Amino acid sequence: MMKYQPLHPDRLFSAELSIRSAAREIYQGIKDLPIISPHGHTDPDWYASNKPFDNAASFLVTPDHYVFRMLYSQGISLESMGIPAARKDVTVESDPRKIWKLFAENFHLFRSTPSRLWMNHALTEVLGVDEPLNGESADRIFDHIEKQLASEAFLPRNLFRRFNIEVLSTTEFAVDTLDAHKKIQEEWDGRIVTTFRPDDVTNPEHPKFREHMQIMAEQTDEDVASWDHYLEAIRKRRRFFKSMGATATDHGFPTAFTTLLPAGQCQTLLTRALEGTITPEEAELFRGHMLVENGRMSREDGLVMQIHVGCSRDHNQTVYSRFGADKGCDIPTPVNFVDGFKALLNEVGNDPDVTIIAFSMDETTYTREIAPLAGHYPALKVGPAWWFHDSPEGMMRYRRQVVETAGFYNTVGFNDDTRAFLSIPARHDVARRVDSNFLAHQVCEHLLTIDEAHEVARDLTYNLPKKAYRL
Amino acid sequence: MMKYQPLHPDRLFSAELSIRSAAREIYQGIKDLPIISPHGHTDPDWYASNKPFDNAASFLVTPDHYVFRMLYSQGISLESMGIPAARKDVTVESDPRKIWKLFAENFHLFRSTPSRLWMNHALTEVLGVDEPLNGESADRIFDHIEKQLASEAFLPRNLFRRFNIEVLSTTEFAVDTLDAHKKIQEEWDGRIVTTFRPDDVTNPEHPKFREHMQIMAEQTDEDVASWDHYLEAIRKRRRFFKSMGATATDHGFPTAFTTLLPAGQCQTLLTRALEGTITPEEAELFRGHMLVENGRMSREDGLVMQIHVGCSRDHNQTVYSRFGADKGCDIPTPVNFVDGFKALLNEVGNDPDVTIIAFSMDETTYTREIAPLAGHYPALKVGPAWWFHDSPEGMMRYRRQVVETAGFYNTVGFNDDTRAFLSIPARHDVARRVDSNFLAHQVCEHLLTIDEAHEVARDLTYNLPKKAYRL
Amino acid sequence: MMKYQPLHPDRLFSAELSIRSAAREIYQGIKDLPIISPHGHTDPDWYASNKPFDNAASFLVTPDHYVFRMLYSQGISLESMGIPAARKDVTVESDPRKIWKLFAENFHLFRSTPSRLWMNHALTEVLGVDEPLNGESADRIFDHIEKQLASEAFLPRNLFRRFNIEVLSTTEFAVDTLDAHKKIQEEWDGRIVTTFRPDDVTNPEHPKFREHMQIMAEQTDEDVASWDHYLEAIRKRRRFFKSMGATATDHGFPTAFTTLLPAGQCQTLLTRALEGTITPEEAELFRGHMLVENGRMSREDGLVMQIHVGCSRDHNQTVYSRFGADKGCDIPTPVNFVDGFKALLNEVGNDPDVTIIAFSMDETTYTREIAPLAGHYPALKVGPAWWFHDSPEGMMRYRRQVVETAGFYNTVGFNDDTRAFLSIPARHDVARRVDSNFLAHQVCEHLLTIDEAHEVARDLTYNLPKKAYRL
């Protein structure tokens, strides 16, 4: 009888034998390199408290929006998957075993998706499951995972070591007190760094804007209603994050619009934002200007600036009102970096000491905008294939469309960008395989030598993310 | 001497032998499945009257806009191809033999286009032609086809059986009396169903809008000038179509815009539409609202809702004025589903009992919009690669760009969408081959097992279209 | 020891052996065909004066914006690369050996870019360099090139012969006196033709608009402030260019917008343009109308009309103010040909005697707009993959996305479009290889016979550009 093998050793490599052989060789040279995870969304409390994870459902299903969005798209309610509700009148399933079984019964929906690759990797490589996941095996696998999670080896810090993570970034809002990071630093030598994400105090339409502005005022002892003091407050928070290990900021706005406004207009917009009378058009101006201000601050303090734009958040109002944000109903939108980034790049883009990493879910911008811009402006680098494009085809499109114009050295390696801890090694493995396969094509079509391919592979996996993020 | 073989048994399969071998095996499992044709534009009178088709030119050239647009693009006049004129002062070629010869002499223009694949399939597999089509062979082939078409075997109903069509949809406007469908049902057990396409009464800019509104008023005994009664009239027509076998509606509008307007505004727009005083902006509002109304009606009556948007119709005003609509001068336009579909999806998109199938000729929407939306909203499914993208490369791009985010099970298999009867088996065969080849890649890169690939192939070919269209 | 071989004989061919074998065979049939270069930007003075080129840096680095933009993106200043400054207060490196060394030290940045392919081709095939370029070899290679450039064989006219160029186009503004072309025609039989590029007198925002209008008035003895005489002046310049061998015009505007305005409005816009009071919106109208006027003139005089749109010129204001135009800071923008070209195509697009060749850097338009439009309008042809997309992946995307809808015969072969003389044979070689590889795929997937592939390859390489450009 054939061994159950959901993860073939040659998965994701071309079927053409010379390419496969080169891909294997290149992959061999990078597969054991430490993981550099410069951008992600795991919970720092996991590493701070180092408590066991709960169960298969709350560990693998309910926190993973890739997983529950697919089930939801096939008519399975979020309630039945135990997704925590935002409203008290919404009752959700509380039995993790039932939730797990529901997922298992529908695992075939994930055929040919990256989620299946990640899940199979987590189940077999990390959790030691030795049979396929389906309705019939669901209970046994649930029990198996329960046992595993209760073991010492599965405590967050031990998994972190086992995953060979050299450094991992989390992402926190501007007013976060970073207590978890403090505890980690005091107790443990695993390198977890925070990232400064000030959307809560730079986007007047952020639901917590006014509340967090108030907190920031107290934290910094600055009158945030006054434009200069508001900027100073942000500078102080950046310094605090930097003192706690942050090397980067992150900015998640609806569009790529940036602009440079006169100080008087900035004060007016700030006043309206704090009053709650700012219009959508004014909020866009405010955000656009604040990207340039943060660019200037990056020039001062050396924090790397990440920009994630082009997402229509909470497209599904029913789901948002019942379950809140990040429930799989964020949809990419068309982005214009050429006009949008003009003010920002003209302000700080010519400075080689500034690093701006731009992420795009609008793949049309790869060849039209992002690669040409990053292939010119010293400050701009292209972030890896993001979100829905963090997938084998997505990453291959990215390489094929970005490298010819921007080269490898205006890219920054891989980001796992995940909330799902167990998917970290899986995602890095997929990225390493796809890069190896891409480079193998280049070698076999005589565009790179095998020695160059090895060097580029190590750069993409390890050197470029460390350098770009100053880690 | 080598046999003339325009259709190699391995056509469209990868040259890489392990993939080709897997593709052959997968294809073998689906090639003889019955054809499900849930969306198309063949003429129901063919099956109702069951008269012989005329000749090679009127059967294969003049009705096929893919064919005559290519000849026209190379400077060959529509007049010389015998395309029926819309104006009396335009004289067109009436000798089918001459038209056929003109086509044959220029058949090399179709190299590497899907039209050539379809035509060669029709000529060799269906019509039994055993030599290549060119100027020299044109007359002989014309005669051969003439003989074939006159034979019993080539009567429409017999071809329908021979093509192994289990069910085929036609498309009719809202006021169609469906006499042909009635005759078919009374006389024959071939399953031909209609599709309700109410653009003539929901798009105020449709050339027959006012005329058809008058007819609909009479057909339904409703005062269509009154908003509520207008909606009721549409409901009645939907019921009539459903009673005649329709399982779906279809909506072909310029943009993806949807909106929900107050009833008072709806009445005002309706009044202006009937007066002929509605502005283009108001017509867009009217159409956008009517998509939501039809979505609501689909929730009531269970008809599947198809939406085809993003086409600039009759771009060439000279051709339009001389020859009328559908003359190859319809050009795709950029589409925004994310903003456009928001009202519709927020109204009915969370209902798993509603099915909305969206088609896009703007391929940039595959990864950016359509796959993410369909991978979330229970009601939304992704229609197959449409029109210009119903081609080997187009279908492969579709699979590579849609599946990772939406999975296979938010897609609905293949539509032939054709006016050219003989191209039906050819088009389904191309789709089956491309899917087999795509799945073979997945198998050989170890992302699917061969057993899964077989199952997915059968789903894409047979189960998914039947389920999605409720056939 | 292995011979240094940066250019493998099978480079750019698929690793799959049957495709590689077919690609080799197809390439063999076209590799020695003469070069037709119907659009480019080399300096006609080179061929007129036939003086030796200076040195490696001024020949290969400073004129090539692909090269210095990549170095600039990695923090290397334009000053240190000796890029000529536009302002007197900017001092730039003047030692060509230092510039060359800087380039050589950073040559790894170009891995997997087309620039590396072109440079390696120029170094090894043309200049006879027999070792890899890097910091260590830089000086030796500099000396070697210096010797070569001083030799008789490297005089421009001799290189032109050696490159087997049958005809080469340069591009000149409307008021150019074409003295260099006159000298070439008097002295030499190498076929160099000019192209009429009237942006300087049709784009009111062109920096030299008013100056060149004044010159044109004198050249043509027409009162260019009067609309009819302005058009007549342009007609006269077209006639002059045509008399000097031009077969084509070229139009480089920001957008694809075209329109047809009443004569009164044209006069008003012209007056404002000459006064310098025209607004950006009015300038867009003026340009849009002038594209249609030039289309009409093409119908009269038979000059082929090229249109290059969709580029945000001089995006980087710092670089522009210090170094002027064409310094690598031109970035593609989204383009809409469907709406944009409507006026132009409705005016002259149905005339098979008119040829309009459209170029796009917005690849999303390939399948959505350009291929469908060119597959319908007799006058419209698709220009080859342009600028950033003149690359192996870019050209392959172009073929895969254009051919199925437009066929091969609505395309026009390859343009090298270069300012870098030595890259001409390299670029044509890359194009021939990519086309051979594309056709080999078609042969091995049984979509074309090998005989057809040979014929199409010769058409793409030689017959189509000659025919489309009337050369």
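The letters A, B and C name the chains in turn, as written, and every chain counts its residues from 1.
In this text, contacts are C-beta pairs under 8 Å (C-beta built on N, C-alpha and C of every residue); 3 or more make two chains touch, one makes a residue touch a chain.
Chain identities (UniProt): A, B, C = Uronate isomerase.
None of these values were measured; they are calculated from a predicted model.
The angle of the rotation superposing subunit A (Uronate isomerase) on subunit C (Uronate isomerase), based on CA atoms and rounded to the nearest 5, is 120 degrees. Here subunit B (Uronate isomerase) and subunit C (Uronate isomerase) face each other with different sets of residues for the most part; under half of the interface numbers are shared between them. Note: centroid distance subunit B (Uronate isomerase) to subunit C (Uronate isomerase), computed from Cα atoms, is 40 Å. Multi-chain contact residues of subunit B (Uronate isomerase) (touching two or more other chains) are listed as 16, 364. Those residues of subunit C (Uronate isomerase) that touch subunit A (Uronate isomerase) in the shared complex are 8, 10-16, 69-70, 72-75, 108-114, 117, 312, 315-319, 328-329, 331-334, 361-364, 388-389, 391-394. Residues of subunit C (Uronate isomerase) that touch subunit B (Uronate isomerase) in their complex: 14, 16, 18-19, 336, 338-339, 342, 345-346, 349-350, 352, 364, 367-369, 371-378, 380, 400-401, 403-410, 441-442, 444-448, 452, 456.
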